[in-house]
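Chain lettering (A, B, C and D) follows the sequence in which the chains are written, and residue indices restart at 1 in each chain.
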Amino acid sequence: MLTENLVALQVVVPLIFAPVCLLLGKSRHAWACALTVSWLALGIATLLVTRVATIGTQSYAIGAWAAPIGIEYRVDMAGALIIFIIAAIGAMVMSYARRSIEHEIAAENSGYFYACYLLCLTGLLGIAATGDAFNMFVFLEISSLSSYVLISLGTTRRALTAAFQYLVMGTIGATFILIGVGMLYMMTGTLNMMDLAQRLPGVDDTRTIRVAFAFVTIGVSIKLALFPLHLWLPNAYTFAPSVVSAFVAATATKVGIYVLLRFFFTVFGIHFSFVAMHVGEILMVLAVVAMLVASLVAIFQDNIKRMLAYSSVAQIGYMILGISLATSAGVTAGMIHLFNHALIKCALFLCMGNIFLRLGSVELHDLRGLAQQMPWTMAVFVIGGLSLIGVPLTSGFISKWYLVSAVLDAGLWPLAVLILLASLFALIYIGRVVEAAYFSKPDPTAKKVREAPASMLIPAWLLIGANLYIGVDASLLAGIARQGADILIGAGVP
Amino acid sequence: MSAATTLLTCVAVPMVMPALIAALHRRPNAREAVSLLGSGCLFLMVFSLLDDVRQGSLPAIDLVSPVPGIKIGFAVEPLGLMFALLASFLWFVTTVYSIGYMRHHHEKRQTSFYCYFAIALGSVMGIAFAGNLFTLFIFYELLTLSTYPLVTHAGNTAARRAGRMYLGHLIGTSVILLLLALIWTWSLTGTLDFRAGGILEGTVTPGIASVLLVLFVFGIGKTAVMPFHLWLPAAMVAPTPVSALLHAVAVVKAGVFTLLKVSIYIFGIDFLGQIPATQWLMYVAAATIVLAALFALRQDNLKLRLAWSTISQLSYIVLCALMVSPLGIIGGSVHIVMHAFAKITLFFCAGAILVTTQKTRVSEMTGIGRRMPWTMAAFTIGALSMIGLPPAAGFISKWYMLLGAIEVSQWVAVIAISVSTLLNAAYFLPVVYIAFFHAPPDAPDRVDINEVKEAPMMILLALGITAVGTVALFFLSDLPMALASQLVGGSR
Amino acid sequence: MQGPLGLYNYWIVIVLMMTGFYIVIARPNLIKKIVGLFVFQTSVFIFFITMAKVEDGTAPIIQEGVNLYSNPLPHVLILTAIVVSLATTALGLALVVRIRESYGTINEDDIHVQDEAS
Amino acid sequence: MEHLINIVLLGLLMLAGFAIVRTKSLLAVAMLTSIYSLLSASLFVVLDAVDVALTEAAIGAGISTILMLAAIALTSDEEKAPRHTPLLPLFVVIATGAALIYGTLDMPRFGDPAAPAHRHVAPTYLQDTPTAIGIPNVVTSVLASYRSYDTLGEVTVIFTAGTGVLALLGFRPRRRNTEDTGRKKLVILRVVAKLFFPLILLFALYVLFHGDYGPGGGFQAGVIFATGFILYALAFGLSNSQQLIPHQLLYVMAAAGVLIYGLVGIASMLLGGKFLEYQVLANDPVTGQHVGILLIETGVAITVAAVVLIIYYGFVSRRPAPGDI
């Protein structure tokens, strides 16, 4: 029963346990439940990745109604990779969460928090697993609505406005996607992605399909915070509870990118997307601007969470740049960076959680001399930061390596220079924090703080360990990403 | 222990030493004993590899492969061994010196100082023994990062600003230019291995090769070729042992060493001659030699004067790497060693003066030779070597450089070397002159000033060793010369 | 109805959608924004239901003697979407209530001023 | 005739839309929104979407409006004028609208039976429903069986909203008879409410079980069920209505609905089928479909009713904040 239903269980298990979590209320059991489910999801995801790797793409007809009549779950290598990273981040974040949540969220809300977290996990996994355009919209909404709630639970009132802003932009995005999907359905009569891919070539010279393409692209771009549609992101990441920042930053935008990949390559096909609609050129420009501008803005932030948020916008630029090349190497690079950035950003935001727990602030000037007092936490920050810059032996370097060589393969060497220039900006903004924490004298009036508890350090270090492992041996990740990219690229060719 | 294991141990020992050093941070004597012991062992291990190389066997080992086609691996070859021998020997000496200096100067955070120092040396070993350009790049970056805390060691605003300059230049050039060159080379040739005769010949046009060469020369910011040279004077805020070993020997030599490796094993010196950019880059190097020497002339701070002198001297080696002449390559390689001994001696002297008299400016050092005769004698030897006068080691390398330049009729290089020799004399000899032949200033405690009051014993011991080394290398230049000739022979 | 006039339904629906969209992005009042989203989404529902209509068809409930039905699938999709819209409205309004409690205003410009000041 | 009604309704919708833009009083805006929703529900009837019409009327015109009114009561009624002239928004909207209109140009004509949407998947649903599912309402069969997974997602969405409102607004049971004195005078309302309350609940059950045959189903039933309690709360006060259903029970109900739905899926897996494959629930596939649909519709109804009540209570049990600044 387990193996053939693996794909469904991946999504259904967290879904069913979300209400259980609500019933468990504010007791520790809610956390234990969320933790168990997260690890269970990671276990299922691991099995799923191996299964996809050994016997190929998994298709699962829900309710035994064969696509396109029913809803199909379809997980290929790219999807499996996304599912795995979501589940892995979820397991890490939940292992970390208890102390941080006790500190940042009122006790009576903790049950709701864990329920919403599981719902968000469900939504994200569902998006990655589904092969149905409308079903994707539904799970997108599950993940979005729950993340609005999660973000609004932040410690300051600005969390509320941040969540509201996200809600408005997110809903506009989702509605755009809905319009696009509606038009696709109108012209083809189907909602199944593979079926759409087969039927679209017959109608893809219509104005309706072109507009549908534009609306889906814009809608998804809002969700993945592509510059200049990223306006919701900095506030949301800054004011959300630390755990939420770590989870959402590492997963939500990544899933957005995955959706974009699905639509560009699987549904519309590489020819329509990149040749007829020229989306490659547009995305490339936006990605480069995002990379440079957001990195530059990050340099001037004094709130480190906000700085990391702008860095995320920039890093999304890297991923989109890879995708915009529409080559196997480019998409591979995008997916590798997607994976690595999830590891990096999650660790960095967890680090911020540690600091907030002890210090009650993540402002740069409060961090002076902190490395003496929280050496393990700051070490995570340094390694994560180096990875963001792209220093060798970290996963960030692997990303950069693949991205730059993909760009060079495409003959666009000025872009390579810009990519590397943007990593210099990363050096500056990470450097500011390191300089403050390691080489500045602490404020004499500041209180002494202790290192964060082990329960919060270990998950962060596990992420760093994975990061360094990839930095040394990326062959597994690169192999999976390459396989995923080849399926995506190949899917567009008739 | 097989040669390959020795090779790995050479890189690993300095990398794991920090753990031991940190563990002993409450017991300074034990901590420094560990540092001494570690550096001593390292030198012996590197030395044990010498036999293999002299017999022509080049042990190599590959570890992992992060990206298909590129590996992290180590290999020994003559130039690398020469560099490793130099760095590990001088590390030992510097450790002796540091113990005297740091204690006498009451520096803070000595434990972290020794830790980062060890990591930096480990990185240098990694660079020296890198089996391919990728591995070299990794340790190149690691070296930058591990020396950054040493530059900002003082923890004040000036140190932080200098640290920014340091990181900005070195990471900036290496990430934007060198990394680009690396990835480009890899995507053109599919490999980053060091091969005799180079890997680029036949796969790229001279035009692209020109771009690559420019990227490499400027990307290796540690060579301090103008206009990416300002980090080196900035780094002088570091404690003197750091300036001495790292910013006169390890870091800067890592730069020129990398460039030599690139020109010999990536481009191949024959192919280098066919690239139009080579000639122009030589002019840049020649200009750096002369301009930096002129700047050195104007510095009153002794350490800064030494730093500018280093910039000038580094470009000698850059010049040699681009000269397309075997004799030039020999001269450049040997100059790595010769300059290192001389420059470290000079820095040791500067530190000794600082520790003993708290003086940093040349103009304040009038008559200091009477007070610190041993120190200033060593300084004189170093200065002679820098100018290139016998019986100091600098003469040998300069001789070969000039021969090489004449062999391939690079008259610009000849002129640059000759002019800078005069300038060297112009900025070093006055220091010696002031120290020995000017009367000490009319200070109230004049009586004391005329008494001999030398630097601490450990410091004197260290600078004595290097000064003697500088002279000894003039007479015993066989070893570096043999290794360098093997290098040129191997690439043919 | 043939010719381009056969599209008038869609055009009006687009005007409706844009009315909602305009309210969302132009109005600083937070409740008005939620109303705008509601109008926007409801208009999209009309768009879907319009496309499901088959000329002379009837509601898709199988009956004897009827053989032309409107398309049931968009109806199902919109049933789902209506619930999503309710969920969004409820959450949005809850946020508005909380924002009002902590800021004392539901005007975006005023909130912005307060955030800048802090 | 249909076209005429269609045009009139659309025209009214446009009027309502513009009125919403112009009106400054938020109370009026809420009522206009309700009207907008009702108009669109009427339009849905004209366009043969009776299930959707019922839902839109109950959720859009009913619950959403109540929530807006509650929110306005807790915040403020007046809308301030924007600081900047809305040129950029206007531009964005016009550009978006122009793009959409451009997109319509290649669309199949309104009502065209030959449109691709009516030719590909939809006919299968219409043809197979009587035999494979055994119920006449094709919307229900698609909703609850063919695309049942979407509906599970939809229940999850509403559950998420309930959890979110709980987290944001909390849930504070009122002590009895603290604020109900004023309502004692509303005799007529109380009588009517008392009379209607059981009827509404009964109607909700009807809508739930009749969903297989006519318009209706779990959602509509849940909403109607909740409306009964809301009416009761309006007439007899919050605390009295909360006596009827303790709030712990609402939690359990909200969770139980989702659980029932999910467990039906798990059960069909355990019985050797796919997730939500109802055929395996009984010996006969069609009976299995019936059982499955009934179970999940019940689950939907329970969750929707509970969540709507949670949201309603969440809003109205909140004390209004002090005056506007």
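Everything that follows uses one rule, which is that a contact is a pair of C-beta atoms (placed from the backbone, for glycine too) under 8 Å apart; a residue touches a chain by one contact, two chains touch by 3 or more.
In this text the structure is predicted, and so the values were computed from the model without any measurement.
C-beta contact counts were set side by side for A-B and A-D; A-D has more.
The most centrally placed chain, judged by C-alpha centroids, is A.
For this pair, chain B with chain D, the centres built from the Cα atoms lie 75 Å apart. A straight line joining the Cα centres of chain B and chain C is 69 Å long. The distance from the centre of chain A to the centre of chain B, with each centre set as the mean of the Cα atoms, comes to 44 Å.
Chain A and chain D have centres, each the mean of its CA atoms, that are 31 Å apart. Multi-chain contact residues, meaning those touching two or more other chains, occur in chain D at positions 100, 104-105, 107, 115, 117-118, 121-122, 125, 147, 150, 153-154, 157, 160-161, 164, 168. For chain C, residues touching at least two other chains, in rising order: 17, 21, 25, 51, 73-74, 77, 80, 84, 87-88, 91, 95-96, 98. Contact annotation for chain pairs lists A-B, A-C, A-D, C-D, with touch applied as defined. Of all the residues in chain D, the ones that touch chain A in their complex are 99-100, 102-108, 115-122, 124-125, 145-150, 152-154, 156-157, 159-161, 163-164, 166-168, 170, 251-252, 254-256, 258-259, 262-263, 265-266, 269-270, 272-279.
Chain D meets chain C in the complex at residues 3, 6-7, 10-11, 13-14, 17-18, 20-21, 26, 29-30, 33, 36-37, 40, 43-44, 47-52, 55-56, 59-60, 63-64, 67-68, 70-72, 74-76, 79-80, 82-83, 86, 89-90, 92-94, 96-97, 100-101, 104-105, 107, 109-113, 115, 117-118, 121-122, 125-126, 129-130, 136-139, 142-143, 147, 150-151, 153-154, 157-158, 160-161, 164-165, 168-169, 213-215, 219, 304, 311, 314-315, 318, 321-322, 324-325. Chain A makes touch with chain B in their complex at residues 386, 389-393, 397-398, 400-402, 404-405, 408-409, 413, 416-417, 420-421, 423-424, 427-428, 431, 435, 438-441, 471-475, 478.
Taken together, the chain A residues at the contact with chain D in this complex read 1, 5, 8, 12, 15-16, 18-20, 22-23, 60-65, 68-71, 108-109, 112-113, 115-116, 119, 122, 126, 134-135, 138-139, 141-142, 145-146, 148-149, 152-153, 179, 183, 185-191, 199, 203, 206-212, 214-215. Listing the residues of chain C that touch chain A in their complex gives 17, 21, 24-25, 30, 33, 37, 40-41, 44, 47-48, 51, 73-74, 77, 80-81, 84, 87-88, 91-92, 95-96, 98-99, 102-103, 111, 115.
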